[in-house]
Every structure is written in structure tokens, then in C-alpha cells.
Amino acid sequence: MTMVSYSEAIRQAMTDCMKQDPDVFLMGEDIGVYGGAFGVSRGMLAQFGPERVINTPLSEGSFVGMAIGAALTGGRPIVEIMFMDFITLAVDQLVNQAAKLHYVYGKQARCPLVIRAVGGAGRNYGPTHSQNLEAWFCHTPGLKVVAPSSVEDAYTMMQEAIYDDNPVIFLEHKLLYPIKEDCILKPGKTKLAGSKRLQKGGDITIVSYSYMTYEARAAVQILQKQGISVDLIDLRTLHPLDETIILESVKNTGKVLIVAEEPRSCGISAEISSRIFEQVYDYIDAPVHRLTLPDVPISASPSLEKAAMPDRAAIVRAVHELCSK
Amino acid sequence: MKEINDKLIDDYTTMLLIRCFEETVDELFTTGVVAGTVHTCVGQEAVAVGASSALQKTDVVTSNHRGHGHFIAKGGDIRRMMAEMFGKADGYSGGRGGSQLMADYKLGFMGGNGIVGGSIPLAAGMALRFKQQKKSNIAACFIGDGSVNQGTFHETLNMAALWKLPVLFLCENNLYAMSTPVAEGNANTDFAVRAASYGMPGVSVDGNDFFTVKETIRGYAGLARSGEGPAFIEFKTYRFSGHSRGDQRLYRTREEENTWKKKGPLLRMKKYLIQNDVITEDDDRKIKISVRKKVQEAVKFSKASPYPDKETLLEGVYA
Amino acid sequence: MTMVSYSEAIRQAMTDCMKQDPDVFLMGEDIGVYGGAFGVSRGMLAQFGPERVINTPLSEGSFVGMAIGAALTGGRPIVEIMFMDFITLAVDQLVNQAAKLHYVYGKQARCPLVIRAVGGAGRNYGPTHSQNLEAWFCHTPGLKVVAPSSVEDAYTMMQEAIYDDNPVIFLEHKLLYPIKEDCILKPGKTKLAGSKRLQKGGDITIVSYSYMTYEARAAVQILQKQGISVDLIDLRTLHPLDETIILESVKNTGKVLIVAEEPRSCGISAEISSRIFEQVYDYIDAPVHRLTLPDVPISASPSLEKAAMPDRAAIVRAVHELCSK
Amino acid sequence: MKEINDKLIDDYTTMLLIRCFEETVDELFTTGVVAGTVHTCVGQEAVAVGASSALQKTDVVTSNHRGHGHFIAKGGDIRRMMAEMFGKADGYSGGRGGSQLMADYKLGFMGGNGIVGGSIPLAAGMALRFKQQKKSNIAACFIGDGSVNQGTFHETLNMAALWKLPVLFLCENNLYAMSTPVAEGNANTDFAVRAASYGMPGVSVDGNDFFTVKETIRGYAGLARSGEGPAFIEFKTYRFSGHSRGDQRLYRTREEENTWKKKGPLLRMKKYLIQNDVITEDDDRKIKISVRKKVQEAVKFSKASPYPDKETLLEGVYA
């Protein structure tokens, strides 16, 4: 066992796949010598050369489109979007090309593409370098959206995303990169799986993903000491969403808190809440509670950024409130 | 000689097939037999066929909204194409894509596109893949004059030139982007100059002359194939029909249309073939009849084909 | 009184505002001589000249950006996006510029911009000419999203959108354009209002917007004959969403059907459902039902397109099901 | 003469102010006094000040991620700028925007931008508005060499030229886009050629020489003002610092940096001023001291300023 960080796990997964499969390659801005803005691909240019670690100009719309073209002809590109905020420039290619071509060309086209999107606030990078925009892609039939919250999942899910035959938006969170876990990373071709119960509990269900799961895990520890037992579910695959495990859990606890770092309206938290409402309404003891960003841009100022972001303390508060109902 | 002539007749036949297919499609939509909208390429047949004649089978082609000609020239089965217009189950896309979104990956026809400029990076990405795999295939990307103003055009041409990708940008300049004349959409209407700004060869040629199209593409395709990188070729041509169903063509005059019709690619090709004794007037008639029959069969086939089963609606969203 | 169509009403509103206010102008593809793909601006070039009816090249990303620049300096541009599907190309400018600048520049910037987005299926235009993508913009703090469902609202709300000091996504539906109503259009500067009750009823609440409201109105007629009385609420303003009237209605009926032509996951219907769940949970007699597009691209084929789109028959069926619970 | 000299001293002082501001900011971020990240323009001061000196007060300026210099040159209050770095309530954006997103609409500084290429259409839109209103103002759009590969660059330059908008695209080519050398991102590194492809004048000049910058901009600004349309000007320059906080500059050598430092804009300006008896060494020292004092005051002001009240979080999303 060794201590591995979240960003190292992603690098390791990409490296392992690239060693094994010549179809896998990287594209993105400053992913070469610089190793990417967050250093995730550091050293990979030296290892694999410029034909497979393609340092691109500032042309998000088109290098994503080129990756799609390469994927349609058998490549398995992994594209880094330096900050998820810039994925706005590639929305057309992702939504009108990558997401649709398999369906609209009558299943002839396959688009095995991974978009590594670096999302999340918490580092004072300001309004256009801190967003989580994954809900848009969950609203887009044909795309898959995944978000690992642990080091081990970062490794496994990156491999799974690479070998999936569909375009996958792979959400990474800035605040997760430095987090280390003691774990062994084993290469292997598993399939993208759905949500996962991280902790079994009977008083309340918490559903979260990405960095919010990290915060939720901390909150669960606090709550445990206070005698509240939480069923903690990490979404992992945000779209297409398999709600089975969530519904099961809610049937048991009767109470749910959904924690999502995203603007509130029309987000993932709303979708989960609605599905619970529709399907296990009879088992619910209290209205579902959503803990999200408010509908407001994310500020650079530490005080405003912190005020906007859900954290462990807010989770604990929300659980108390729900449990007192 | 016989071989060359046969090939010429083949190409001429394909041009006629495209013409007949498109005129039939136009009528079907205009008379409401088929619903929705469509963009036909009547008048632009020399570009599609000149290109396919210059390229190799293993090269890939991407197309745009006006892509039936490109598809037929690449070998598309007109029955399945027609069935797709009708939204039928036997259509290339099983009714999912419609006129703009058909493909045949086995033939290397990588599909039409509903987004102007959308296919430009796709084609370059395919070329990137060829290059990574050290194949000698190339990608040919059909675009219209309107698409040169999309950001993807700029971004992709730069990267294609930078990485010397084996891709040809084949721009059919039919003088209008929908209703907008080229000079109303472009400060500089000399598109070949743009290529220079990316450090790639750019040239403008007569797109209504089959031979010019073919030879120009053959030249640049050879360069691309041998690692010399991409090229941009502008073909001056004209669409005889409106932009899409319902276009009243208020933005241009009937005189202009007539002038261009006289310079049409089919007339010119026919004249050449007859003058050079490749075909006779009678051959020409026969070819036209055979082509019409094929298209009529395709219509029949399409009418007989069922609509896609509603039960299949959710199938194929994911691979 | 005269018969006016939905598209004429929009044209009339734009014309009235342009006559009154020199800051108002139009931009878009083929909006000049052609009058726009659906003829909405027909005749306006002749009336106002090319300085105010600006026929653009195919450069959605940048002409939207230019409109934003003009708005920031006091203009009131109205931009036509020929098919909403192409708004994908302008997402960056809308989300990272227009939506945020007022907030992030400390309230100095104002961006009075109207984006006329032509959405909706039903005309066999296929996967990239039939989409409704409004939920993305409801997920974007700083944007307003509105969708008139009637001729009168088309006129009034267009005026309101023009005079609003924020960027407004104005959703038009292809199938509404030809619809005519007998009405008088009066110029005036009212403010964008929220949802509206179109019909009072006690058995069930239906919430819908845009063309779906048109279908819902037809369904309500059918249901009325069957003795079911519907409280019909037309959303009109999709974002920011004021749910007050919906909650009131639900408190009274205890049952809700939400009808939205949009991909199901993470859509507007989910947001409304969650808000109901959160706020009037105790009044609910049956789980909220969402009638939406399935998570699938829209096909060109009439049979598949029809199968995907909710319509009056589906609404009637859903109401019956809900009322039998 | 006195007037001219005073203006020169003013401009030199502004350049020194920018330098001192940026070095201070760099230190504050590097030492962790301030969190987040920042892009400083040390080494590029001649472009910012040359431009402001050539432009008129009523002209507007848009900027990018590396915009402090542009803002100070346009008259920005460095106390409120510094407070914005600190994320404080007295910052230009009340802590909402941070280093990249500050504006002063009254001064005509229309803001920095977090999206590379994002401000290009904005500037052209402002120019469109001036044109519609028949004003003689112009818009100046500061961009970097990396931004020329964004689709917005292409789309906007075409429209700006097509409609003869009074906008100048001022491209600071500092040889790198983050870590990517210009030749690794561009097939053709001669950017001025791109302008020609849009039918607008394009020129490349020394961006480290204040006088060259000023005169070049003055010329094209005059043309734009009188209805002759836009221009593209490339300024060759160099950023002395890393791209942003934490950049180890592995993509370039220390020798290269030193060569450029010797060609730095401040050294050259000072040399000119002293050689031409505009200032003495002693004046220079005094200016530097006064500038340092101002920046230190700005830091003090910023430290004293409170963080924005959390209660205001939701304020100002809508106008």
C-alpha cells in the first residue's frame, strides 16, 4: 500500500491505459511540458511523445471536435478542459455531435471519448474558473457524466471511462487533487458502475458526488459521534442516473439530504429529488432537502465563495434540521 | 482508353443520378409527400463527383447539410437514402437522422451534419487518427461558403496546418449562405487568402467543371497523402434550387440563375463527352432513363418501407 | 380586434419598440431580405435599414458576443438564433459574459439583451433542429428565461424582455408561430411578470410552458367535458422561477402534472417538482407527475418524433392516472 | 515642450506604477498573503501605456486575464484594484470578480476577462454601438497571442472588417500562451497576415518601445475614428514573470528571459528620458519612491478593507 493522491490516480489510470492501448491519447492546453494547469499529466509527454500527448492551441471548440473525429474512427482520446468553465466553448461539439451521432447515424458511429473537466470552487479562482456545469450534460441524451470522489474511484473510473464506447464527461474537482489515500491501483477493464453506498446507516440518507462527498464523509463522522447514523450514497455516475440504490435507502430512512455543488435551479439535485418524489413518495417522512450553491456566480473573495459553497458544517446543520422534523 | 472512357461515363452517370435524386427529393418535399425540410445540391454535382473520382475508396468524407451528392458520389445506396428522407425504418439512419444526418461508415462516408461548420473539426480529427496510425488515407471535408465564418473553420485550419494533417477542406462556394451573398458575409471574399494565413496552400477553381475539380483535388490529395499536410480548395459553383424547402429566392434574380444554369456542370460534362465521342446523344438519353428508373425505384422502396417502430425510440442512445 | 399570429405578434412588438427607441436593433442570420428562417422579421429590413436590422454571417458565438458588447454600452439588441440548437455555439458568451458581468463587475455593467431562440420539435426537422435547451439557461444565474405560449403574451413579453435590463432568453416554439388569436396589441412598458393561471380548477394542477401550454389548454377542454376541473398554470417566466402561484394551486388541488418539452433529466420539470416537494409536501395527495421528452435525441421521422413529444392525449391520460390515485 | 515632457514623465510614471503594482501583487500571491491566482504583466508595460497615451479618454478598452496594466493605464484607482486582489469589499468588484474581472465603466475600462478570446466580440459590439450612434469613439481590445486561435477572433475580425467598425485589436505577443510557444500553437506565426485575410490592415511592431506603440496605435486609431474601419496590431513583447502563480517556467530558459529583460520597456524608456534630458537619475529615483509609496498605501488600504458581507451574496445577480 502506498499513499496516492487523486491527481496521481488519474495520471496513473491514463498512463496504464496508454501503455496497453495505442488508441488512447491525450489532448489539451498546456498538458505537455507544463503537465496541465493542475499537473495531472505531468511527465506524460516525456513518456509518450507529442503524437500521443497533444498540446493544443487555445481552441477548445475545435480540439474537442477533433477528438470526436478521432474517436469516430477508432481512437480513444482523453481531452483535458483546463477549467470546466471553458467547456462552454465546446458545448456544440459535445451536444450536437458527440452525444447524438451514435443514435442519429443509426448506431454506426461510436464515440469513445473522455472529457476531463476540472470543476469546482474553493480556491478563490473567481466566477469563470470555479463552475460546475455537469447538469447541462446530464440534460443531454447520449452523454455520460461521471464524478469520482475518492482516489480509488478516480483511478478505476478513469479506466472505465476510457474503455466506455460513449462520450464521457469526467468531472474532477480542484479540491480533490491533493487528497491522498492509502490504496493499491489495479489496471483492469471494468464497466462504469452506478452509485455506491459508502456507509450504511438508518437515520437519514445523504446523496452527494465529487468533492461534496468528501465533505459529506467528514460530516458523517461528526454526526456519528452525535448519535445520528447516515446512509451515505456517492452518486459517481451522474448520467444516465440509476436511482435504485437511492430509492432503496430512502425507503429505509425516510429522510434525504442531497448535497451538490452546482447552481440550484434545474440541477442534479432537482432530478434526484423528483425521482424520489415520484417513486418512493409513500416512504418519505420529511421533504427532501437540497443543499446546493445558490443561483449566483461564484465570487473570487474567500468570504463570498465560502458563503456559497456547502461544506461539512452545513451538512451537519441540514441533517439536524431534517432529523428534527 | 476504354477504361478511362468507362470511368468518365460512370462519373457522368453519377452526376446525373445526383441531379435526378435531388430533383425528385425537391418535388417530394415541395408537394408535401414528405414532411420537414431539405437542402438539395442541384447545380453542384461536379464538385461531389469530381472529388469522389479523385479520392480513394479508403479515404473518408465528411459532409454538411447539403450532402446527398457527396453521399451518392461516395457510393451511397439511394434506396436507403431516399427512405431516410421519408423517415422510414429502412433509411440509413432508421429515420433518426433525416436528410441532413445520414452516414455509411463502411463506405467511408462519415455523415452529413446539421450544424454549419460542425464537421470541420471532425474531419481533421479523422485525419489526425490516420496520421497517428501512419496510414496514407486522407479525410475530405465538404463545407459551404457560409461555414468559413464559423470559429471551427479558423481553429481547425490552424491545427490541421500546424500538425500537417492529411485533410482537404473542399469549400463549395455557391455564392450564398442561405440568403446571404458572399460579399455580405465576408469582408474579404477571396477565401484562398485565409488558407495562407494558416500557412497552408489555398486555391480557388471552377467548381462546375468536373475535370478541374478532379485534377485539383487529386493534386492536393497526393500531397496530403505523402505527409505534406492539408489544403483548402474553393470551388465556385451555384445551387440552382432554393436554399431549402420554401425558399422564394428573393435575394437573387432569375437572370442570375439563368446565367449560371447555362454554365451548369451537367451541360458541360455532356458536351465534353459528346464532342470527344465518349457518348452519343442516344447514350445520354439512355443513361438518363436508367437513372430515373433507379430513383423511382428508390421512391417506391421508401414508400413501402414502414415507419420506425415507436418501441425502438429509446434504442441506441448509448453504444 | 383582429386575428394576429404568434409570429406577427413578435414582429409587432419588435417593430413598436424599434420605432420608439433608437437603442433597439436586430441581429441574426438571414433576418434581412429573407426575414428570418421563419419569417418573423419579414419586412423589417425595409422599414429600419441595415444599420438596425443587421444580417450576420454564420458566426453565432461572436455575433451574440457583439450584441452583448453593444448592450453593455447602452444598446438593446434582439438576436435571433435561427434554431435554438445553434445556441450551443454561443453558450460561452451567454454564460461566462452576459449572465455574469453585472454581478462580477460589482453592478456597473448592464446587459439588456434579448436572445430569440427558436426551439421545439414537431416539424420533422431532425435531431439538431428541434431541441429545447432552456434548462441550461435556467441553471445559469444571471440569465432570465421566458417562454410565451399565447399570441398576446408573445407581444407583451417581447416588449418586456426588450426593456428588461438583463439578458433574456426568449423561447419561441416553431409550432406556435402560425397560431392566431383575436387580440389587440398595446405598446407599453410593463415588467416581466411570473406565471399565470389560465384556468381555475380544483381537481388537479397542470404546469406547463411554451407549446406544451397550448397542448395543455386543449387537454383541459377535453378533461372539462369529462368532468375533471384543471387549475392550469402557464409558467411564462422559467427563470428566475417564482413558484408562489404553483404552490398555492397545489395546496388546493393536491395533485400536479408538469408538462415540459425538454429532455427529462435535470430539466425545468425536475426543478418545479422539487420545489413542490420541499415546500408543500404536506398538501400533496399523489406524487408529482412529469410529462417530458424522454432522454433521447429527437428523430426526423414523424413516427419517432411524435412518440417522443408529449401532446394533449398524453396529458389527458396522465391526468386520468393521477386522478385515480 | 514642457507639456510634451510632462506627458512623457506621466507616462513613464504610469509604467513604473504598473511595474511596482505587479511586482507587489506577485509577491502577495506567492507568499500566500492573498489566495487564488493572478497573471501579472511585468515586462509588457509599454503596450498598456503606449495605448492609453495614444487613445482618447472617451474611447473604451476591453482587457483579458492579464489586465492590471491596461486598467492602471486607463486611470484605474490602484487602491480599489488592490483591494479586489484581496477579495475585499472596497475592491472594484466588491470582491466578486477578483484579479481577472475588474472594470470601471466611468473610465471606459470595460473590464478584464477570464475567458481567453471572450472580450473580442464584446469590444467589436461596443464599436458597433459607437458606429450606430455616429460617435467618433473607438474601442480598443487587448488580447494575447494565445487568443488569436479562438474562434471568436476569426468570427469577430471578419465582422469588424465587414462592417468597418471602429475597433483596434491590440495583440500582445509575449511569445507564449501559458506554456505554449507561439510556434507550437500556430502554423503561421505571422499574425499580421491573418488581418489581411479579413481585409483589414495588420502590422507587427516592437511592443517594448513606448514610442513605437503609441505612434502605431495613434495612426490606426485615427483611421478607425474617421470611418476607415478596424486594424490589427501585433506588439512583440515578453512577460518577465511566470504565466500565473506557481508557474515554474520549464518551457523557456533563463537565458531567454535575461535577453528580454535587457530589452525591457522600462529600461528603454528611462534611457530615452535621461538621454533627452527629460529627467535625471535623481528624478527617476524619486518617481520610483513615490510610486512604491502609492502601492504600499494601496496594500494598506486593502488590508484594512473588510471582506464583503456574506449577507450580500445574493445581491446584484440581476440589474
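Annotations for the structure displayed:
Per-chain residue numbering starts at 1, and chain names A, B, C and D are given in the order in which the chains are listed.
Following the convention adopted for this analysis, contacts are C-beta pairs under 8 Å (C-beta built on N, C-alpha and C of every residue); 3 or more make two chains touch, one makes a residue touch a chain.
Please read all numbers here as calculations on a predicted model, not as lab measurements.
The minimum number of touch steps separating chain B from chain C is 1. Distance between chain A and chain C, defined via averaged C-alpha coordinates, is recorded as 30 Å.
Distance between chain centres (mean CA atoms), chain A to chain B: 40 Å. Taking each chain's centre as the average of its CA atoms, chain B and chain D sit 46 Å apart.
A straight line joining the Cα centres of chain A and chain D is 36 Å long. Multi-chain contact residues of chain C (touching two or more other chains) are listed as 56-57, 59, 61-62, 85-86, 88-89, 92, 96, 103-104, 126-128, 141-142, 240, 294-297, 299. Contact with two or more other chains is made by residues 91, 93-94, 96-97, 101, 113-115, 149-152, 155, 158-159, 162, 184-186, 317 of chain D. If each chain is drawn as a node and touching chains are joined, the picture has every node linked to every other. Against chain C, the residues of chain A that register as touching in their complex are 61, 85-86, 88-89, 91-92, 95-96, 99-100, 103-104, 126-128, 133, 135-136, 138-142, 239-241, 262-263, 265-271, 273-274, 276-279, 281, 284, 286-290, 294-297, 299. Every residue of chain A that touches chain B in the complex is listed here, in rising order: 25, 51-52, 54, 56-57, 59, 61-75, 92-93, 96-97, 101-112, 141-142, 144, 165-166, 240.
Of all residues in chain B, only 149-155, 158-159, 161-162, 185-188, 193-194, 196-200 touch chain D in the complex they form. Here chain D touches chain A in the complex through residues 35-37, 84, 87-88, 91, 93-101, 113-117, 146-147, 149-151, 177-180, 184-186, 247, 250-251, 307-310, 312-314, 317, going by the rule given at the top.
Residue ranges on chain C touching chain B, taken from their complex, read 29-30, 32-34, 37, 55-59, 61-62, 85-86, 88-89, 123-129, 294-297, 299-304, 306-308.
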